[in-house]
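Same chain, two partners: chain A is paired with chain B first, then with chain C.
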Partner chain A sequence: MIASFRQVWQIARLTFLEAVRQRFFNFLILLALALIASAGYFRQLDFRDQSQELRFIADFGLGGIVFFGSILSVVATAQLFFSEIENRTALTMLAKPVRRWSFIAGKLLGVALLMLVFVGVLTTLLGFLLWHREQQLIAIYHDAFIKGNWLNEYPDAQRVRFVGLAVDALLQWLKFDVLAAITMLVASFSNTNLYTVVVSFFIFLICQLQYIAYDSWQKISFPALRGLVWLLSKFFPNFQLFAVGEFLVFPAKVAVPHSAILAAVGYGALYVVVFATLAVSSFRSREI
Partner chain B sequence: MAVPAIRITNLTKDFRLGLRGIRLRAVDNLSFEVADNHVFGLLGPNGSGKSTTMKVILGLLEPTLGQCEIFGLRSNSVEARRLVGYLPESPYFYRFLTGRELVDYYASICSVPRAERPKRVADVIDLVGLTAAADRRVGTYSKGMLQRIGLAQAIVHDPRLVILDEPTAGVDPIGSEAISELIIELKRRGKTVLLCSHLLAQVEGVCDDLAILNQGHLVASGSVTDLLRRQGQSNLVVENFPIAAREEIEAVLARHGAKLRHIDEARVALDRLFLEKIGPTAGKPKDPS
Partner chain C sequence: MTIDRNSWWWRQGRAAVTIIATLLVTGIILGPLQSRAWTITRRNQPELNFQNLGDSLGQGTLLGVLGGFRNILADFAFLREYTYWEQRDQPNTEAMLNLATTLDPNIVMFWTDGAGIIAYDIPAWYKYDVPRPTTEAEAKAFAQKQTEINHIQAQYGLEFLDRGLQFLPNNYNLLQEKARIYQNRLSDVPGALEQAARQYLLAAEATKEVYFPMRQGIRLLWGLGDKQHQFEAYDYLKKRYPTIPENIPDAQKSVLWDTLNDMESALKIPEANRAHFPQPANYSKDPDFSPLAGFSPDGS
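Right after this comes the complex of A and B.
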């Protein structure tokens, strides 16, 4: 068993190395960095007052992380899986004393490491931008800030909670891991990279809009249909549960309870395990 | 009785094609054994079922019927795969790794102890003659070098059975000769080698036994010597043969109830001539400088 975990780590390490050498990853991370960095240059926009700026930078940055991270987790997982199949390195690997679950787990862990680096780099940049602008704003509103009545004077102004930003990064990383596991499940039975990417993005959309299915389920009276919609709403994870970045970074008005964050972490981890297990099960019967 | 390296019994493999699941039988009721410490050639035209048989031996495909054992273990078990090293046809490896890193990676995957790994990796790289290029990226390797680094990764965990799928495909005669010598060296070290090749001269030169497949059926198997022998016929190799002596020889043979079939000029094989002409520099890697 220890040997299998060691193999998982070796496969993950090589998958990560292969991923960071890909032009696609480097291009995407540069694009995302540029987008987040550009958020600081939108001061000319007509904000109601300057206190709204931080919220705008945070929304813009968090949106960029979600957008590019979703693309990366789907495309990188499909690409890294099919490069092994098409180049027949999977043949060499699976002819060795490697269990198929170790192969899938190694690939997924490699993608998870990639997403960790992606989320880590972008969140660090976003955090720095927020901190830098916050310091400038504190200097501008120095008098009110020193007197402690700045929230009375500027009721919409809020300070950035950097711990909340880090917690949001963790939640987004977990969401990308769920998406990677879904993509791995699709890849385990599909024949082409393109099919895997298209189907995975389709599932991603379903997961983003899953709350609609949940709302429908509550309104349906016909038992069989109600059961089917309920089942579907449980099979596809609800990605809206991870969309709490704004409340984590600016918690003054709506604070997210710790129990809800822990529940979201457990929810994400459970779906990663379920989809990874389904991927292993499907890959076991695949003829290489 | 010694356990054979490979025992295939009544192996049948069907593939389902298309949405309608049309059945394609790739291998039909195949049975043969490969004895331990023998070099065994698996021959057949394209589509004869060689690759399917090889994948079943490697545990990459499940048989539809029948079974396959490696040294008495089910071929699809991890324990069996510990005993097997595999070089795929036209191998492709992670281009960003150096040769040494690549072999080390596969050694770690095969659970070669960390302390033993550097020496084991260096030894197999030396065995395949790639020491000078070991620290170059695999992406810069020629086809022959890729085959040799492929062979190194196949034997780094010291397997008892080495399976080579077209090890000389696209390789020049010098590289091909080097691989033949490696196969003979592996046998000398006590390994069993299963060789799948279209290069019949190579199979003839290095194999002890062979099996020929056609359309999924076994059409011939046995030792190379037995299969290639023409019953009741012998060759005489004569230096400075005088044509005038032919009639006398025929008369002598007739007295003993034998008959001279034909006289040919002795010829050297083309690959042998090529290697002789290329000379002692054959197969030597270029100086990187």
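Right after this comes the complex of A and C.
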């Protein structure tokens, strides 16, 4: 058993190293970094007053993380899986005493590490930008701030909660892991990289919009349609559960209880396990 | 007919059934966990539905909605709305206003500007859609239709602001905008001016640092003409007057002092029951200005 875990770790390490050497990863992370860093310039397009400026920067940065992270987790998972198949290295690897579950688990762990680095780097940059601007705003509104009058004079102004930013990063990372596991499941039975990427993106869209089915099935009166919508709401995970970044970073108006965060973490973690198990099951019957 | 368990169909079918069944069972088992987190998350999410997303789905907005960037896309939607506004394209202007406020309901300006466009600008476009009236009968029909449109759009504007107040409860800008619409667009509708006065006073209660809604609310309430409303206006001013600062010019404490005295005279309040607030330190009176002019019971 320990040997199997060692194999998983070795595959994960190699997968991670292969991924960070890929031009796609480097290009995407640079693009995301540039976008987040430019949040201050995009601010000039914004209609809100200065008191909500930090909220804009946070939304912009979190949007960048979610957008590029979703692309990366789908494309990287598909690429890393099919590179092993197309280069025939999977054949060599699986000819040795490496179990198929170790292969899938190793690949997923490698992608999870990659996403951890991605989310970590971008969140650190975003955190720095927010901290930097917050300090500038505090200097501008120094008197009100010192008097503790900040929130009275600028009722919409809110200070950044950096712990909340870190918690949001964890939630996004978990969501990317679920998405990577979904992509791995699709890859385990599909024949091409392109098919895997396209289908996975469609599933991603459905998961993002799953809440519409979840919210509306009770309102539908036609039994057949009601049943179909109910099935849809149970069949796909609800990715909007992880969209609480704004409330975590600025909890002054709406605080997200710990129980909701824990429920989302448990929900995500269980889905990773389920999709990974299905991917292993499907990969077992695949002819390489 | 025998089923070959090694056939491609059998294996693929079994795999598909396994995946579907596992995901369904997982979804059902995780249902309570999802409900727990979703109930809280849903409460805080702006209402996102395809009706509001409308035609903009094809413009990259969907990806933004799905993956963040809600705030900047709301800004772009609002800018886009101005393009439609310039073209006097009512459906798209309203769609973009809905989209912008759906994506980011926290920006006050979206609601106040949007309500203004709905209640004031859109009705004014009617004259571009119909031929210029040439006869008196046509002019009368035109005026009637214009009034009808004004009322309908004013109502839409008020509903738009009510939606905004769900996200920004007690916001004085939104309440003040509601009051203005009642006052400027529905003044010929029975009860609208009283509604305007009430909304101004609600706005005045929402902020103690802006004084215009308070003065306007009091004047409108007084202007309704009947004793009951005038006593109400007087009582309100009497209660608020001691909280008005003297050192802020916008507060116009001198004017309010005069208003209070004029009200007491007009209502014939007995000397013993009058407020007798001391004259403001920097009191100045404009001899040509009467605070209740045009609003007194006899219309003088």
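Basically, the second predicted complex is superposed on the first by the 272 of 288 C-alpha atoms of A that agree within 3 Å, B and C clash if a C-alpha of one lies under 4 Å from a C-alpha of the other, contacts with A are read in each partner's own complex, and residues count from 1 in each chain.
Please note the rule applied: a contact is a pair of C-beta atoms (placed from the backbone, for glycine too) under 8 Å apart; a residue touches a chain by one contact, two chains touch by 3 or more.
None of the values given here were measured: they were computed from a predicted structure.
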Would chain B and chain C fit next to each other on chain A once aligned, or clash? fit
Does the superposition put A:185 against chain B (first), chain C (second), both, or neither? second
Mind working out whether A:270 is in touch with chain B, chain C, both or neither, as first, second, both or neither? second
Name the contact category of A:288: first (chain B only), second (chain C only), both, or neither. first
Under the stated touch criterion, which partner chain does A:132 make contact with: chain B (first), chain C (second), both, or neither? neither
Have a look and say if chain B or chain C is in touch with more residues of chain A. C
Check whether A:17 is in contact with chain B, with chain C, with both or with neither, and answer first, second, both or neither. first
Please state, to the nearest 10 degrees, the angle that the Cα centres of chain B and chain C subtend at the Cα centre of chain A after superposition. 160
Which holds for A:7: it touches chain B only (first), chain C only (second), both, or neither? first
Partner chain(s) touched by A:91 [first = chain B, second = chain C, both, neither]: first
In the superposition on the shared chain, how near does any CA atom of chain B get to one of chain C? Answer in angstrom. 6
Tell me, which parts of chain C touch chain A in their complex? 11, 15, 18-20, 22-24, 26-28, 30-31, 33-34, 36-38, 40-42, 44-45, 49-50, 63-64, 66-72, 75-76, 78-79, 106-107, 109-110
Can you list the chain B residues touching chain A in their complex? 15, 55, 58-61, 78-79, 81-82, 84, 86, 88, 91-94, 96, 105-106, 108-111, 150, 153, 157, 163
Interfacial residue positions of chain A with respect to chain B in the complex: 3, 6-7, 10-11, 14, 17-18, 21, 87-89, 91-99, 287-288
Taking the touch rule as given, give the residues of chain A at its contact with chain C in the complex, in rising order. 42, 45-48, 52, 55-56, 59-60, 62-67, 70, 156, 185, 189, 205, 208-209, 211-212, 214-215, 231, 233-238, 240-241, 243-245, 247, 254, 256-257, 259-261, 263-264, 266-267, 270-271, 274, 277-278, 281-282, 285
